[in-house]
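Take a look at these structures.
Shared between the two complexes below is subunit A, which pairs with subunit B and subunit C, respectively.
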Partner chain A sequence: MDLGFQKACAELKRIREEGVRDSERVVDLWCDCVSRYTNRLGDEKWALYEQVFISALDCGRLEAADACLVQLSRQFPNSQRIRRYEAMRLEAEDNLDAATEIYKKMYETDKLDSLSRKRLVAVLKARGRSVEAIKELTSYLKDFCTDFEAWLELSELYLNECDYKKAAFCMEELILSNPHHHLYHQRYAEIKYTEGTTESMELAKSYFAQAVRLNPNNMRALFGLLLAAGNCASSTNKSSTSASRRESARLAQWAAAQVAERYRAAGSKAAKFTTSNSSNSSDAASSDVATLALQLSLCCSPTAAAGDASSPSQGQQQPASNPPML
Partner chain B sequence: LDSAIRMWVFLPLVIITFLFGVIRHYVTILISAEKKAEPEQVSDQQVLMRSRLLRENANYIPRQAFASRKYYFNDPEHGFFKTVKRENAMMKNPMTDPSMMTEMVKGNVLNMIPMLVIGGWINWAFSGFLTTKVPFPLTYRFKPMLQRGCESLVSLDASWVSSASWYFLNIFGLRSVYTLVLGADNSADQARLMQDNMMMNPGGAAGGQGFDANKAFKAEWETLEIVEHNWALENVVESLIGSSGSGGLSDDLLITGAAEDAPAALIGRGGPRGGAAVSPGSGRKRGK
Partner chain C sequence: IVYTKIVVMSQFLVEPLAVAKIVLHACKYPHTAVNGVLLAEKPSPDSSNSSSKPIVICNTVPLFHSNLNLAPMLEAALMQIEATYKNYAIVGYYQANELLNDASPEGVGAHIYQKIAENSPLPRSLYILVDNKAIDRKCSTIPLIYYQRKEAGQSQKLERLPNSAVAIDDEEDCLETLANLLVRQAYRSLVDFDNHLDDIGLDWTNSRLAEQIRN
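And now, the complex of A and B:
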């Protein structure tokens, strides 16, 4: 797609500044227009080379990556950053041992080099050695405990190992860093939901509610709220009173109503822009989801009102409530 | 004033001061040693930042989580702030530590000597006449300040400025020009350097490298001790759907409404509660 040189550069700059990971687009823009006219760019070209290099590695287009790396290393010999890029190139070729060597050496010469340590963790992750990756990342976090990217990554690694308590700990760090970000609350709630104990279900319910409060359009949090409240409403634990179960049932119904409303609205919005056939089908789909949600919530209320006696029927009516929400 | 004065005194003084400032800036950059941060120092600073975040946002994580973190930091036997003692940075007193000494000496030399030299030369070369006039009237008190070289003219209006005083005026005045030309935080900025010097001595710790970890830890320990945990999500369900199923936020949250400002208005604050499991049912009872 020939966009013209200026527009291509402007778009690459926008991608660079916003931090969007659209590697295919970057490499396409590069190969189509920008690569032939780099001498027009002046000093911006080094940042551009970096950006294209990393995107090319992402897409597996190693020749484009090599071209950029050659230019960069010619301009900046003896640079730590270029060395790291060379190691990344080796990683892309799957030559993980050599890459690890380079990263270890860089870390030894400069103890403050956080980026090479993080790449080391990435290499271990690529090799599938999650336990070692976790160990390396925890020692990194001992030194740099305010690196929130790293906490997020550690939380994912723990989730892969199904260590939910520690994953929840990492998410708590993230919530501490940014307490008004609805996705952190939602993730934390999902981890607590997956743990499955009664207290964690209560916590999950509260955090889902908080996520919905922070962003009322968060569908995943609404569904989570529905399921968590449903679980709380039908819990047979001694500590949950009937009042709290009724409360949870009411919450589940409210969440179901919200979900139904949104699907209905989305269906009608779609109906305005599409032909009559597809609008019928989307309408049908949205009303299906709406009825499903309402049924689910109706299941909660009679069981809550009935009290402890109906445990077998609860098991039947809520088959989908316990898969890990990841 | 004679236009010859204008051309040969006024402007050259400005130009000289400015150029010397620029030269000082570049020479300082070339000479001064690179400031290397210790890895331990960096990690200490990050720990302090983490503890600060904990204090500020403690209300958003569950009580148990907050308690375990507070234990990690503050516990008398195992807590981080109690057990970790760093080798003191008090050594960085200018008198005892040789590397700090050289830094200071270099800084002083580089700034003071040119100033003295040029000041002296100007006094010798350009003394005895007026250079310019300040455009606003001044009181008598300013006379000795502004008329360095020509004390003889007692009756002269204080608005007239002699060349030596003009030179000093330039040094301070061109600071903003330096910021424009060289970017902020440049070494030609003498007045700021002098300010830094003033603040260093009463403080007792050296500027720059003097991050005193032990004091910082102790201060952080104290502030963390007094933090109380009021779980912000105590009444979240109540504020989400209202205590009787209508009202509360339920209207706002339907899709057409803009609910962006709703959370700010309704963060519930319950009293401190014991136990790890907080159920909204009890919150509702309290609300009624």
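And now, the complex of A and C:
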């Protein structure tokens, strides 16, 4: 790959700033375009060495990682950060005991060292000991309760153990501190949907709706709203009134229309830029989804109307086959 | 498809396109678990009882690389797949675990597989687990492990299938194609359903990639 030194540096910088995990690309760019010309790099040299080091560990390219580590340790002797990188290098070789030793020592010397504590959790996760990882992360969060990344990680650890209540609790903490972040609302709604009870489905519907309000282009939230509202509309639970079922059906239809609209827009955009073959398939796919979305919402209305004689118009739609629900 | 003796005696026949998409999906996200479903042609209503012939798994749909155990997007994906692939049925599930040493098919993957198996129109369903340790650029073996549920209605446990139960169509050619794809980093252009939800302009059927693989 011959991208040219400038372009390669620009792309590495973009990856660094966006926080994307594209380790293979970083190491390839480094090895092919940048590593020979490090004298041309300015102050960003050290940030670049760090970035390449971590990415190289991620892909198992240990020689590249070592080359960067040597430069970094020469420039920053006696640095805690470099010490942590040495421990990460041991982790990459699967020498987890030695790495754990270093992290524990670092934590004992400095109780405010949050990063080595988090690496301890990572090591436990790598060993497959998720219950201990959860315990360690929970005690970390008692001391550092504003660490959003850690709350997200804890939520995922709980999800892997299928402990939906606790996973939801972690998301609640995140929503409390970032009430305008649509992704937290959407993830919370997904967890509630998965729980599967009537109350949690109602909650899922509300939180998907909130996510859509915060970001109308969040496709997961739109699909989630369509499905959750559909489930609420066809709920046979005693606590749901026919008015609330009608409301849910309306919401499902609205979400379906939004989904269909976005697929139509995407399909027409695809048609402009691709060859005729693929545009046909994406058009067909997009119109299929549009039809499907509308069918799904239509199948909600007859059921919602079933318990209530005073809504004749909705009952005339052909009920589509019920969507397969897990 | 060449019906060699090996193929005829096996329960499933997996086509190279399916193998390639599974391995590419696992290689695209080496740091997380990934999953997807397996597709086979729907049996025509007038076909004779074909439980003796191997079920041909001709394609897969890569689904997710994050939060595999959340239901709503899985339901949305399965509905879209059924709407798009009208002549095909979902007959199985594949998963690559997050940890290198984790070779267990149990957990949420097993649950999804059971649901798929219950709803499949074909007599048997397959669970493919990617053997993380066996993936390497030389592609000397097919890095997949096969499971199936014991008879329906029983304890629903998964049992491991011997490699003889699952044949790969034209295995040597498949391995060579796979090696080429890995060298060219073809996994970067693979689109799974998660990618599609992030940008619905992306084609989760991967028709372009399929053309590349077939050639």
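Everything that follows uses one rule, which is that the second predicted complex is superposed on the first by the 283 of 326 C-alpha atoms of A that agree within 3 Å, B and C clash if a C-alpha of one lies under 4 Å from a C-alpha of the other, contacts with A are read in each partner's own complex, and residues count from 1 in each chain.
As a working rule, a contact is a pair of C-beta atoms (placed from the backbone, for glycine too) under 8 Å apart; a residue touches a chain by one contact, two chains touch by 3 or more.
This is a predicted model, so every value here is computed, not measured.
**Student:** Return fit or clash for subunit B versus subunit C, each positioned on subunit A through the superposition.
**Tutor:** fit
**Student:** Tell me the contact category for A:213 with respect to subunit B and subunit C: first, second, both or neither.
**Tutor:** first
**Student:** Once chain A of both complexes is superposed, is A:262 in touch with subunit B (first), subunit C (second), both, or neither?
**Tutor:** Once the two structures are laid over each other on A, A:262 reaches both partners.
**Student:** Quick one: classify A:193 as touching subunit B (first), subunit C (second), both or neither.
**Tutor:** second
**Student:** Output check: A:203 vs subunit B and subunit C. Expected answer is one of first, second, both, neither. What do you get?
**Tutor:** Only subunit B; A:203 stays clear of subunit C.
**Student:** Under the superposition described above, what is the C-alpha centre angle at subunit A formed with subunit B and subunit C, rounded in steps of 10 degrees?
**Tutor:** Roughly 170 degrees separate the directions to subunit B and subunit C.
**Student:** With the two complexes superposed on chain A, say which partner A:162 touches: subunit B (first), subunit C (second), both, or neither.
**Tutor:** second
**Student:** Give me, in Å and rounded to a whole number, the least C-alpha distance separating subunit B from subunit C in the superposition.
**Tutor:** Least C-alpha distance after superposition: 13 Å.
**Student:** Once the complexes are superposed, what residues of subunit A are shared between the subunit B interface and the subunit C interface?
**Tutor:** Touching subunit B and subunit C on subunit A: residues 262.
**Student:** Please name which positions on subunit C make contact with subunit A in the complex.
**Tutor:** Residues in contact with subunit A: 30-31, 67, 69-76, 78-80, 82-84, 99, 101-102, 107-108, 112, 115, 119, 185, 197-198, 200-201, 203, 205, 207-208.
**Student:** What does subunit B use to touch subunit A in their complex?
**Tutor:** Against subunit A, subunit B makes touches at 37, 39, 42-43, 46-47, 49-50, 53-54, 57-58, 60-62, 65, 232-233, 236-237, 239-241, 245, 249-250, 252-255, 259, 262-263, 266, 276-282, 284-285.
**Student:** Considering only the defined contacts, which subunit A positions touch subunit C in the complex?
**Tutor:** Going by the criterion above, the answer is residues 21, 24, 58-59, 126, 128, 156, 159-160, 162, 187, 189-191, 193-194, 196, 204, 219-220, 223-224, 226-228, 262-263, 266, 269-270, 277-278, 281-282, 285, 288-289, 291-292, 296, 323-326.
**Student:** Where on subunit A is subunit B touching in the complex?
**Tutor:** Spelled out, the residues of subunit A in touch with subunit B are 111-112, 142-146, 169, 172-173, 175-177, 179-180, 198-199, 202-203, 205-207, 209-210, 212-214, 216-217, 239-241, 243-245, 247-248, 250-251, 254, 258, 261-262, 265.
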